[in-house]
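Starting off with a structure, shown below.
Order of writing sets the chain letters: A, B, C and D. Residues in each chain are counted from 1.
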Amino acid sequence: MIKETLNKKKESAELGFGSKNYNESVRFLNQDGTVNIKRKVTDKHIGFDMFHWLLGIKWGQFFALVFFSYGAVNTLFAIIYFSIGVDKFGGIEAGSGIENFLQLFFFSAQTLTTVGYGHIYPNSSLISTVSSIESMFGLMGFALVTGILYGRFAKPKADIQYSNKALISPYNDITGFMFRIANKKQNELIETECQLVLAINNLETKKRDFHFLDLERSKINFLPLTWTLVHPIDDKSQLYEVTQDEFNQRDGEFIILIKSITDTYFHTVYSRMSYKASEIAWNAKFVPMKQMPHKDGSISINLNDIHSYDKL
Amino acid sequence: MIKETLNKKKESAELGFGSKNYNESVRFLNQDGTVNIKRKVTDKHIGFDMFHWLLGIKWGQFFALVFFSYGAVNTLFAIIYFSIGVDKFGGIEAGSGIENFLQLFFFSAQTLTTVGYGHIYPNSSLISTVSSIESMFGLMGFALVTGILYGRFAKPKADIQYSNKALISPYNDITGFMFRIANKKQNELIETECQLVLAINNLETKKRDFHFLDLERSKINFLPLTWTLVHPIDDKSQLYEVTQDEFNQRDGEFIILIKSITDTYFHTVYSRMSYKASEIAWNAKFVPMKQMPHKDGSISINLNDIHSYDKL
Amino acid sequence: MIKETLNKKKESAELGFGSKNYNESVRFLNQDGTVNIKRKVTDKHIGFDMFHWLLGIKWGQFFALVFFSYGAVNTLFAIIYFSIGVDKFGGIEAGSGIENFLQLFFFSAQTLTTVGYGHIYPNSSLISTVSSIESMFGLMGFALVTGILYGRFAKPKADIQYSNKALISPYNDITGFMFRIANKKQNELIETECQLVLAINNLETKKRDFHFLDLERSKINFLPLTWTLVHPIDDKSQLYEVTQDEFNQRDGEFIILIKSITDTYFHTVYSRMSYKASEIAWNAKFVPMKQMPHKDGSISINLNDIHSYDKL
Amino acid sequence: MIKETLNKKKESAELGFGSKNYNESVRFLNQDGTVNIKRKVTDKHIGFDMFHWLLGIKWGQFFALVFFSYGAVNTLFAIIYFSIGVDKFGGIEAGSGIENFLQLFFFSAQTLTTVGYGHIYPNSSLISTVSSIESMFGLMGFALVTGILYGRFAKPKADIQYSNKALISPYNDITGFMFRIANKKQNELIETECQLVLAINNLETKKRDFHFLDLERSKINFLPLTWTLVHPIDDKSQLYEVTQDEFNQRDGEFIILIKSITDTYFHTVYSRMSYKASEIAWNAKFVPMKQMPHKDGSISINLNDIHSYDKL
């Protein structure tokens, strides 16, 4: 039985998801840590936040966008140059309209990137004016693109591998909720802290309650291998004597909030995850990670093993 | 009646605005969060802080300034080149003074942006010296401009939508001061915290007092939709049994200080706002936000609705 | 009389300056906030930290260094090109040795900045190899220079104006130590905090003691105008009933540590200062700052007035 | 005798190294602060983190990699240009295949760096297309390289010199564990904090225990000279009455975690170190650092002296 009354002893958790009773089963956090409540703002006065969007899209999309924009800007300038007149350029080899346009397109590319070979060159003030604006525009545009490129590259993040399943299983003399994490990256994560929240339907109030759950240990200094986080389900826990059926019926969700510091630039980073009923194994035990020592003193672990557990 | 004596129990708030009794009605914070007390420093030894100014001006001003500077620098170098002599250049087509000057202007632009087509080129040591300084100056200048451009673009900020009006209305069994906020941007804000301060004239001391007001909840982990912040006006509140007339007469102002973390780069950001008497609706109720679910599981909200309330 | 015994009640301050009894009068912090104990590390294994040095030198020095390096690198490459042979270049106009060298010097500058006019161009593989290395070197070198340039420009700092003198004067019914600060810059400083430490010779132990002194108010949210910080010299203060003679004889120094947040990028910044005996006015009163209101609602203050006080 | 029972009074330390009983002697932290447990992740789905790797490698490796990549990219594009045809270029001097290839290689370099002399230039649409892609690729690639170059240069770090040996020696009336640190860099470190952890084998449980040890002083505001950190081994210490033999036999390790703020950009930085049995001198005394005053008021210290101690 889930003990709502216990909640009165400690501050009830407020994650900001509200506490409506959702008719269907609800997942607040996706497994990749994104918030499942997508806000679509329909206020026309609010501009689109391009910067965060460009930092967040996939690499393929990003490069496609850069190439497309490069082509589009050059086409635009080629049209301007073409409409001013091909005869206003020096070094151009007169040809068909298409050929001339292509030469102006490439002149534009050479101007935008400031490569400026010079075999084609502006031979009138108007063309010179446009091309001097284009080269300046190119410098600023590429600076922005490469700034975002670097920003994407250098973006601090906690790349944490969570075990696919969390377990609710015998633990010491009682029961425990447990899951495992590891650092996927080669750089160290230091001062890693974890908060565990239970979201569950309250059958009386018909609302969704949130409870902070104590962790046996909520902070470690280093994360060189794996870390098993345990919430002991004792008589001080909201989950004391809960059954799998009750948990599923009340649509429980474990929400995990992790805060850490990357050891390269000492950025504070955050990671989040959630386990829903279907991702919890009852009465199981994690298979201890195999640590293969090497001659150089290093230890290999296989992060695929982090998911392994045995049914009891 | 506003209970000044209650203030003795807790540390009185000090925002840094001083506590003079201002003759006219005073607003400490503008609704866009800027401080209303503009400091004009008249000490001639203190340089103008160009960097912060360039980060803060409007985009139109910024680009106008860049274009103007680009033109000015090129004009300056064209004058230098012209005064050294047009005949010191190779590839130039002699023409009228104006035509020559224009060609040198565009040569300067090609040098500053390092596009360097080369159909015009320096043909004397003096010209070469000036143009090698110009290209170096151009590299550094454009780096600064594009750095500031990126800095403006990447500037972390909490883009919080506040409800136009705050309410003082029945709340549970008592009265409450309440307002709503939402995140305008697509990126998440996490660990959002709020502080609420009341600035009000003290009729006895003739000074302006500041009181921290408790919030029912002052911190949430996520802000996916809207958040209604409530100060319960119970017998522990300075506003207990205050009337609208008394509040207006004493020129009250609610000052809101919000601190949050953006989820892209994990920057800590701050936002501020204030509500004056005219922006407070008495005896009203916020219209609950309509949440339109989509097939993909996302939820739309219309941020214009954040302002809606009904008179009771 | 300075009450060393009082120190036992609170944790004694440790600033890291050690506690030797210095024979002569000692100043720990200079008035510009730099630490007066300059460490000269004579360990030859420890590299010079060029990055911090380049961020710290004066603007004049920085630009002189950039120009000098630019000249030196071009001279170096000109020597290499010259020794390979002027005849290995296309477009060069043969002249005297000096003239040839100068042309190669400018070719180098055009390559380093990637302006590349092309009227002189490499016409052998060896020259091409060197110039392709030079242009790559130029890109990286200028990126570093402009990165440092931007770093200098964007360096977060608390630009705080301290009153020239601190006062020890009657304050309310007792005595107080007080000084004034203001923000020199146009951007706001928020969440400003101050720590006050007294460094003074202990006549018994012959060592230098450090005591934290309480401030009446140690934190404010905004700093739009000036802030007068006050340490009340009551019977809980180490300075209770101290006389000017005793203070001077024991070589007292007030050390001020300020922490704040700039409102542009929300960087945490630190500022420090110290007042020695000669910078303390006894029995004086700060002249209140004149606040000149403007039609647009802004208020002018003259930061020169921050230093003004009247002898009592 | 090491008093494990004392541990119950305070939270036992958890560094994240696990608590297995290692058969052989184990060192958790190397003396350069790197974690000795190297994780080799063999999950093929986990990408190599190039960014952190490029920030971490030696300068020599970094530049070798940049040069090699520059050569490789130019070779690649030269092959593409060559296969399209040398006759599609203007300005090229026909020669042997090798000579032609070299000219195209250098054309590529001039395009990649955007130096673009133009004595060789693309004379067909296909070549122009490839070269316009190359120049764009060059701009973005060099931006990334120079971003990483600057990132390496500007990387915040606490460059702390630790004494080679730590001492366990008489201290005041009791015994103390002590070591010395200093700042190797010219910039100041402020608000320096230290945590001390003892890792030691528990003979009963056969596991490795971790204990936080109190420091006499764990934080200082400045670190202008050296700082001797002391853990007093009194009856509240886990090491009370420990002997050298017992300590060695139980494979003790002192782990030091330091947190500080650099005074240039106010970055928070971390440093770590560990002392194993062989790096501890018993019954010794640090030789006080010689402070050589200079005429300009600065003080020289020789950081080599930080290691000096005398056997008692």
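Going forward, a residue touches a chain if its C-beta (ideal position, glycine included) is under 8 Å from a C-beta of that chain, and two chains touch if they have at least 3 such contacts.
These numbers were taken from a predicted model, which means no experiment stands behind them.
**Student:** Can we say the copies subunit A and subunit B touch using the same residue numbers, with more than half in common, or are the two sides different?
**Tutor:** different
**Student:** Could you work out which pair in A-B, B-D or A-C copies the interface of B-C, where over half of the contact pairs coincide by residue number?
**Tutor:** A-B
**Student:** Cα superposition of subunit B onto subunit C: how big is the rotation, rounded to the nearest 5°?
**Tutor:** 90
**Student:** Rounded to a whole Å, what is the gap between the Cα centroids of subunit C and subunit D?
**Tutor:** That gives a centre separation of 27 Å.
**Student:** Can you list the subunit A residues in contact with two or more other chains?
**Tutor:** Touching at least two other chains: 110, 114-118, 143, 147.
**Student:** Quick check: in the complex, which residue numbers of subunit C touch subunit B?
**Tutor:** Contacts found on subunit C: 66, 70, 74, 99, 102-103, 106, 109-110, 113-119, 142-143, 145-147, 149-150, 153-154, 159, 161, 182-188, 190, 192, 217, 219-225, 227, 261, 263-266, 292, 294, 296-304.
**Student:** Which residues of subunit C touch subunit D in the complex?
**Tutor:** Touching subunit D from subunit C are residues 14-18, 35-43, 46, 49, 51-53, 55-56, 90-91, 110-111, 114-118, 121-123, 125, 128-129, 131-132, 135-136, 138-140, 143-144, 147, 151, 155-156, 197, 257, 267-270.
**Student:** Okay, in this complex, where on subunit D does subunit B touch?
**Tutor:** Those residues of subunit D that touch subunit B are 114, 116-118.
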